[in-house]
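Read through the structures below before going on.
Note that chain A is present in both complexes that follow, paired respectively with chain B and with chain C.
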Partner chain A sequence: AVPCVSGGLPKPTNITFLSINMKNVLHWNPPEGLRGVEVTYTVQYFIYGQKQWLGASECRSISRTYCDLSAETSDYEHQYYAKVKAIWETKCSEWAETRRFYPFLETQVGPPKVALTAGEKSISIVLTAPKKWQRHPNDDTVSMQQIYSSLKYNVFLYNTKSRRMWSQCIANSTLELSWLEPNTLYCVHVESFVPGPPRLTLPSQKQCISTLEDQMSALKV
Partner chain B sequence: LRRCLISVDRSLIEKSIPEVKRVLQTKDTFRNVTILSTLENLKSIKPVDVCCVTSHLLTFYRDRVFKDHQETSLEVMRQISSIANSFLYMQKTLEQCQVHNQCQCSQEATNATRTILDNYDQLEASSAALKSLGELDIFLTWIDENHQETSTA
Partner chain C sequence: EFRFGPCRVEGVVLSELWEAFWAVKNTLQTQDNITSVQLLKPQVLQDVSDAESCYLVHSLLKFYLNTVFKNYHNKIAKVKILKSFSSLANNFIVIVSKLQPSKEKDMLSISERAHRRFLLFRRTFKQMGTEAALVKAVGEVDILLTWMQKFYQL
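For the complex of A and B:
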């Protein structure tokens, strides 16, 4: 790479890892005051306890403001730093660094897959834990449940007729709700939850299903 | 032989540690040195040795780290003292196990602790203490993961 004068540009800002199911993407904002200037960026990362900074091969002289470091940070029990600098012609900024990143404690666990089946006065919910990021699509799938044995789910149920919300935290992957109103539209969304340091949660898409008509009243008609 | 299991105070993991870690990790400039984080070291601890290593590391934090650390922020000091108190509580629990002979120390367990103490002694005391406090998330995660009924041999 062409040597540049360090400090000739302001640093990128708000550099942080956005991590979901161990897909670890570094994000930053462009340096302030350089609107309209074609800035490029170079990223390096550091494995805590190792000896030196390493270049991120896919993120050298890039113009986008994010860099997928999932492969470089795939050992989720290690801790990492990352840094980025801005380059423009012969000038470059000093490095902007993240704080120490610990994927095992910081990754957001995505929502589970939700399957709903309705009965007359019941809804059965079957949840499938989200998958860990994979380097290649044909790699063996690892469920986030395998990584976090204490993974739990917050299930939210909304009765569209009475407009009342109800929620329950469950540890296993099935839930039978059996005291519902017949012929009523219910909506469900679910969040994954790992006991421990606070993490951002990502709710599942809202899914709605109607309980069946009450057979007894159907016969009376 | 029933395993000796302790539980970690949830507020510690959810509040005190993240706050202490955020402040102290920023001050830790020796990135190429770790105290606990020789993960191969901690990950290799067998279930039968978990009690002994836990006890040794709680003693290490009590007798070395909390004493060597010099803190200026009152808020961080308050969080560290609540961590220290809960470590004392965990140690009391482990002492019961030692009484019932459930806390054997194998050579491997002793070596693992020795490695950690050697790492600590590589640095000047206040830097080593700062780094060890910044690695509390590793220690607490290890305890959480290894003091469960289901953690397999």
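For the complex of A and C:
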């Protein structure tokens, strides 16, 4: 790389890891005051306890403001730092550095897959844990359940007729709700939850299903 | 409840410890500039058997109470950090008071294995300057809690 004068540019700002299911992407904002200037960026990362900074091979002289470091930070029991600098012609900024990043504690666990089946007065809910980020599509799939054995789910149920919300925390992947009203539209969304430090949660898409008509009242008609 | 092998510890809410540390994590870890050194290295905490775990957690928590928190305590100016430290320290005191590592002869080799792990941790600590080591040790409480959580049952 062409040597540049360090400190000739302001640093990138708000550098942080956005991590979901161990897909760890570094994000930053362009340096302030450089509108319309074609700035490029170079990223390095550091494994806590090791000796030196390492270059992110996919993020050298890039113009985008994010860098996927999932492969470099895939050992989620380690902690990491990352840094980025801005370059423009012969000038470059000083490094802007993240705070210590601990994927095992900080990755957001995505929502499970939700399958609903309705009965007359019941809804059966089957949940499938989210998958961990994979380096290659044909790599063996690893479920986030395998990483977090204490993974739980917060299930939210909304009765569209009575407009009442109900929720329950479950540890396994199936839930049978058998005290419902027949012929009623219910909406469900689910969040994954891992006991431990506070984490941002990502709710599943809301899914709605109607319980079946009550056979007894159908016969009376 | 914690189950460190034969040692049981009830009455400690792990989420409280996490909350206490998480409130000050960034402040503490930002103070640690020697990122090339890790006290709680993988060799200290990885693949610890249940039987070893009681000895190791007992040694580590006693060290944190008697050396780390005790000496770092005087440096704390911010009330927020002081509150977090008190919560962590009080919970560590409860855990240590309830741990009863066995002194049976047939457990000697296991306790020695745990002790070697602890010595590795302490040697790294002593190789650093005291100030830097204290800052690093408090910043690594998340590594310690992550390991302890493996022995926690809701």
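Methods note: the second predicted complex is superposed on the first by the 221 of 221 C-alpha atoms of A that agree within 3 Å, B and C clash if a C-alpha of one lies under 4 Å from a C-alpha of the other, contacts with A are read in each partner's own complex, and residues count from 1 in each chain.
Following the convention adopted for this analysis, a residue touches a chain if its C-beta (ideal position, glycine included) is under 8 Å from a C-beta of that chain, and two chains touch if they have at least 3 such contacts.
Everything quoted here is computed from the prediction, not taken from an experiment.
**Student:** Should the superposition on chain A be reported as showing a clash between chain B and chain C, or a fit?
**Tutor:** On the shared chain A, the partners clash.
**Student:** Classify the contacts of A:Y102 with the two partner chains as first (chain B alone), second (chain C alone), both, or neither.
**Tutor:** both
**Student:** With the two complexes superposed on chain A, say which partner A:Y66 touches: chain B (first), chain C (second), both, or neither.
**Tutor:** A:Y66 contacts neither chain B nor chain C.
**Student:** Is A:Y81 touching the first partner chain B, the second partner chain C, both, or neither of them?
**Tutor:** Both partners.
**Student:** Identify the partner contact of A:G49: answer first if only chain B is touched, second if only chain C is, both if each is, neither if none is.
**Tutor:** both
**Student:** Touching A:P198 in the superposition: chain B (first), chain C (second), both, neither?
**Tutor:** It touches chain B and chain C both.
**Student:** Jot down the residues of chain A that show up as touching in both complexes, chain B in one and chain C in the other.
**Tutor:** Residues 46, 48-51, 77, 79, 81, 99-100, 102, 104-105, 150, 195-198 of chain A touch both chain B and chain C.
**Student:** Help me check something: in the complex, which residues belonging to chain B touch chain A?
**Tutor:** Spelled out, the residues of chain B in touch with chain A are 10, 13-14, 17-18, 21-22, 25-26, 31-34, 37-39, 43, 134, 137-138, 141, 144, 148, 150.
**Student:** Could you please specify the touching residues of chain A with respect to chain C in the complex?
**Tutor:** 46, 48-51, 77, 79, 81, 99-100, 102, 104-105, 150, 195-198
**Student:** Which residues of chain C touch chain A in the complex?
**Tutor:** Per the touch definition, chain C meets chain A at residues 14-15, 18-19, 21-22, 26, 29-30, 35-38, 41-42, 139, 142-143, 145-146, 149, 154.
**Student:** Residues of chain A touching chain B in their complex?
**Tutor:** 46, 48-52, 77-79, 81, 99-100, 102, 104-105, 149-150, 195-198
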